[in-house]
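Just below sit the structures, each encoded as structure tokens.
After this come two complexes, each holding chain A, first together with chain B and then together with chain C.
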Partner chain A sequence: MTNRQIKQLAYEGLWKNNPIFVQVLGICSTLAVTNLVLNTIVMCAALVFTVSLSALTVSILRDFTPRNIRMMIETLIIAFYVIIIDVILKAYWPQMSENLGPYVGLIITNCIVMGRCEACAISNPPARAMLDAIFNALGYSFILLIIATFREVLGMGTFLGFGVPYFSGQYWDKWTIMVMPPGAFFVLAIVVWTFRTVQMSQEDKKK
Partner chain B sequence: MKEKRWFPVMYMFVITAIVSTAVIGFSQYTRERVQANMERTFEIAVLKVLPGMFEPDLSFVELHKKFQQEIDKPTDKTAGAYTLRKNGTIEAYALPIEGQGFWAKIKAVIGIEADKKTITGIVIYEQTETPGLGAEVAKKEFTDQFENLKMSAQDKPIAFRRAGEELQDGQVHAVTGATQTSTRLEKIINDNLIQWLEKVEN
Partner chain C sequence: MNLTSEFYHALIVCISAIFTQNILLTYFLGLCPFIGSSREIKSAIGLGAAVIFVMTCTCALNWLVYHYVLVPFHLEFFRFIMFIIVIAAFVQFVEMAIDRLSPSLYQRLGVFLPLITVNCAILGAALFMVIRDYGFIVTVGYGLGSGTGWFMAIVLMANIRSRLHNDAIPKGLQGAGITLIIVGIMALAFIGFTGVLAGR
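Then we have the complex of A and B:
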């Protein structure tokens, strides 16, 4: 693969076809785990791991997999990696496992994973499939981190658990709604709106 | 070869076998650690329901030591309950309870005062109820209602009431929208308490 192709994949995954603000996939976990930055980081790491390795495995097996059962195979492979993450968290980081609750297991049903397997990995060689998956997962991650940062700072006055000047002080009336589920909807909508506006104005300029 | 009818079946079978072997192997490898984590969660739950035992600042190791030193293991006389004693007399019981929830087993520890009439607290340490609805029973807002809750003198020690209703002895407000979980949790607590009250030595 040439440098140009890699750049193209990065541009597609991170910006042009960003899973959150263009494809609007994986919104369930976006809303659920973005109340604290640390939870979000772990969730994003788990997603990068799952998407990239699932895409790699699906791509390696693509010449042998019969078309009519390909989705069963994909789901099986995705489930395998997700269970591995779940067991690792339960064994070595039980606190985080409890924080994330059922959402680690729900990565299996995250549309981004299945979407990348179907759209790219099933018909492309391993290297391309894996890079495409990693960039898509990173595209998901950076949006989630933006949302989580706003929610944690405004709602709790902290960042990664450490107090933020001004926001953790007495003059800042904490917006509790931000760490509750409705806060996620507001921040997500504003983030999608902002990014789409920037994107559209860029496209207009090109014309 | 791919056109053969048996190929997809065989293929699925082989992939499933490989993947499940890997998962089983991996979970065997981490089993001891997971087990230890679960025991720790249980010990902390016991400390939390007993009055004045849980200190949030202590590390896990210190809490484990505290559990080992100060909590007495269940005996026939206590009918399965852990006990907190001062100078030999029982101050409070911590009774592990479990039963079927809406999706899977719910496991909890209930703290009971020595007179066996008042609940000192409850910690639900294992549950897989619906997130946002049934799973709310494990949260502080719900479980705090059990602190110093007098059991009802009637045949059912506790009862769940709708949010907003007036409460009498042994009654708590159920989580709104979690009908199934509430019904089952109420039954788990009552069944276990009634059974225990019959067996435990006075």
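Then we have the complex of A and C:
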């Protein structure tokens, strides 16, 4: 693969076709963990791992997969990697495993993983499929980290558990709503709005 | 625990799954089909009804599979694959059965059934039931309540969105953006139910 092609894939995954603000996919299972930055980082790492490796596997097996049962096979491949993550977290970081609760398992039904397998991996060679998956997962992660940062700083006055000057002080009235579910919806809506507007104005300029 | 108190517990879990712990508004599950299919009231009702049915049945099935197959063989870590297979097989089976028995119902509900396999709310409900250690009757109540909660949320949303057609919404906010803001406000309203029921 040439440098140019890699750049093209990165541009598509991170910006032009971003899973969150363009496709609005896979927000279900991960929005719940964005109340703390640390949870989000772990969740995003798990997602990058699952998406890239399952895209790679699907792509390697693409010539041997019967067309009509491919969804089932893709699901099983994804579930395999998710189980690995679940077992590792339970063994080495039980606290985090408890924090994330059922959301680790829910990566299986995360639409991005399935979407990347269906849209790219099933019809492309392994290297391309894996890069495409990684960039999409990173595009997804960076939006979630933005959301998590806003929610943790405004809601608890901390970042990664450490106090942030001013926000953790007595002059800042903590926005409890940010820690609760509605806060996640509002921040996500604002992020989607901002990025879409920027994207639209960019496209207008090109014309 | 005797049977009466078990049923009582199931009722409480069911009601709290609808109002105070709504699966969509507090746990963010099933958000993708929610945003995608809440444009029309008719399809929202169809999808919601299918979710209630599938969620109640698969929760019960998964409870049986988990407690009578996975736990005795110490295969708990295998539950993700098992649950997904049970859900996919059940949905496929129901689709074929409805197609054969009632073509008119199939026309209304059939198109939504394949969508449900990848609905995270269904798998999420099954995982919650394992984590919270529910009994069988309580699990059925939980499945029913979660499904009903999801149904209510999507029907309300479709009604609100059908009134937005003629409103001037900023271009970047159209579609997903405005839907998320409305869901946020709905979630805010549902927080008002907190404390109505104590305990899960």
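To be clear about the criterion, the second predicted complex is superposed on the first by the 206 of 207 C-alpha atoms of A that agree within 3 Å, B and C clash if a C-alpha of one lies under 4 Å from a C-alpha of the other, contacts with A are read in each partner's own complex, and residues count from 1 in each chain.
Note that a contact is a pair of C-beta atoms (placed from the backbone, for glycine too) under 8 Å apart; a residue touches a chain by one contact, two chains touch by 3 or more.
Please read these numbers as outputs of a predicted model, since none were measured by experiment.
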item	value
When chain B and chain C are modelled together on chain A, clash or fit	clash
Contacts of A:Leu76 with chain B and chain C, given as first, second, both or neither	both
First (chain B), second (chain C), both or neither touched by A:Asn3	neither
Greater residue coverage of chain A in the superposed arrangement, chain B or chain C	C
Chain B versus chain C as contact partner of A:Thr109, first or second or both or neither	second
Chain B versus chain C as contact partner of A:Met180, first or second or both or neither	second
Which of chain B and chain C A:Ala91 touches, first, second, both or neither	first
Partner chain(s) touched by A:Gln170 [first = chain B, second = chain C, both, neither]	neither
Listed stretches 115-123, 133-141, 151-159 or 169-177 of chain C, narrowed to the one that overlaps chain B	133-141
Common interface positions of chain A, toward chain B and toward chain C	32, 72, 76, 80, 83, 87, 101-102, 181
Residues of chain C defined as touching chain A within the complex	25-32, 35, 77-81, 84, 88, 118-121, 123-124, 127-128, 131, 170-173, 175-178, 180-181, 183-185, 187-188, 191
Chain A partner contacts - residues on chain B that touch it in the complex	2, 7-8, 11-12, 15-16, 19, 22-23, 26-27, 30, 33-34, 37, 40-41, 128, 131-132, 135
List of chain A residues in touch with chain C within their complex	21, 24-29, 31-32, 72, 75-76, 79-80, 82-83, 86-87, 101-102, 105-106, 108-111, 114, 177, 180-186, 188-189, 192-194, 196-197, 200
Residue ranges of chain A in contact with chain B within the complex	32, 61, 64-66, 68-69, 72-73, 76-77, 80, 83-84, 87-88, 90-92, 94, 101-103, 181
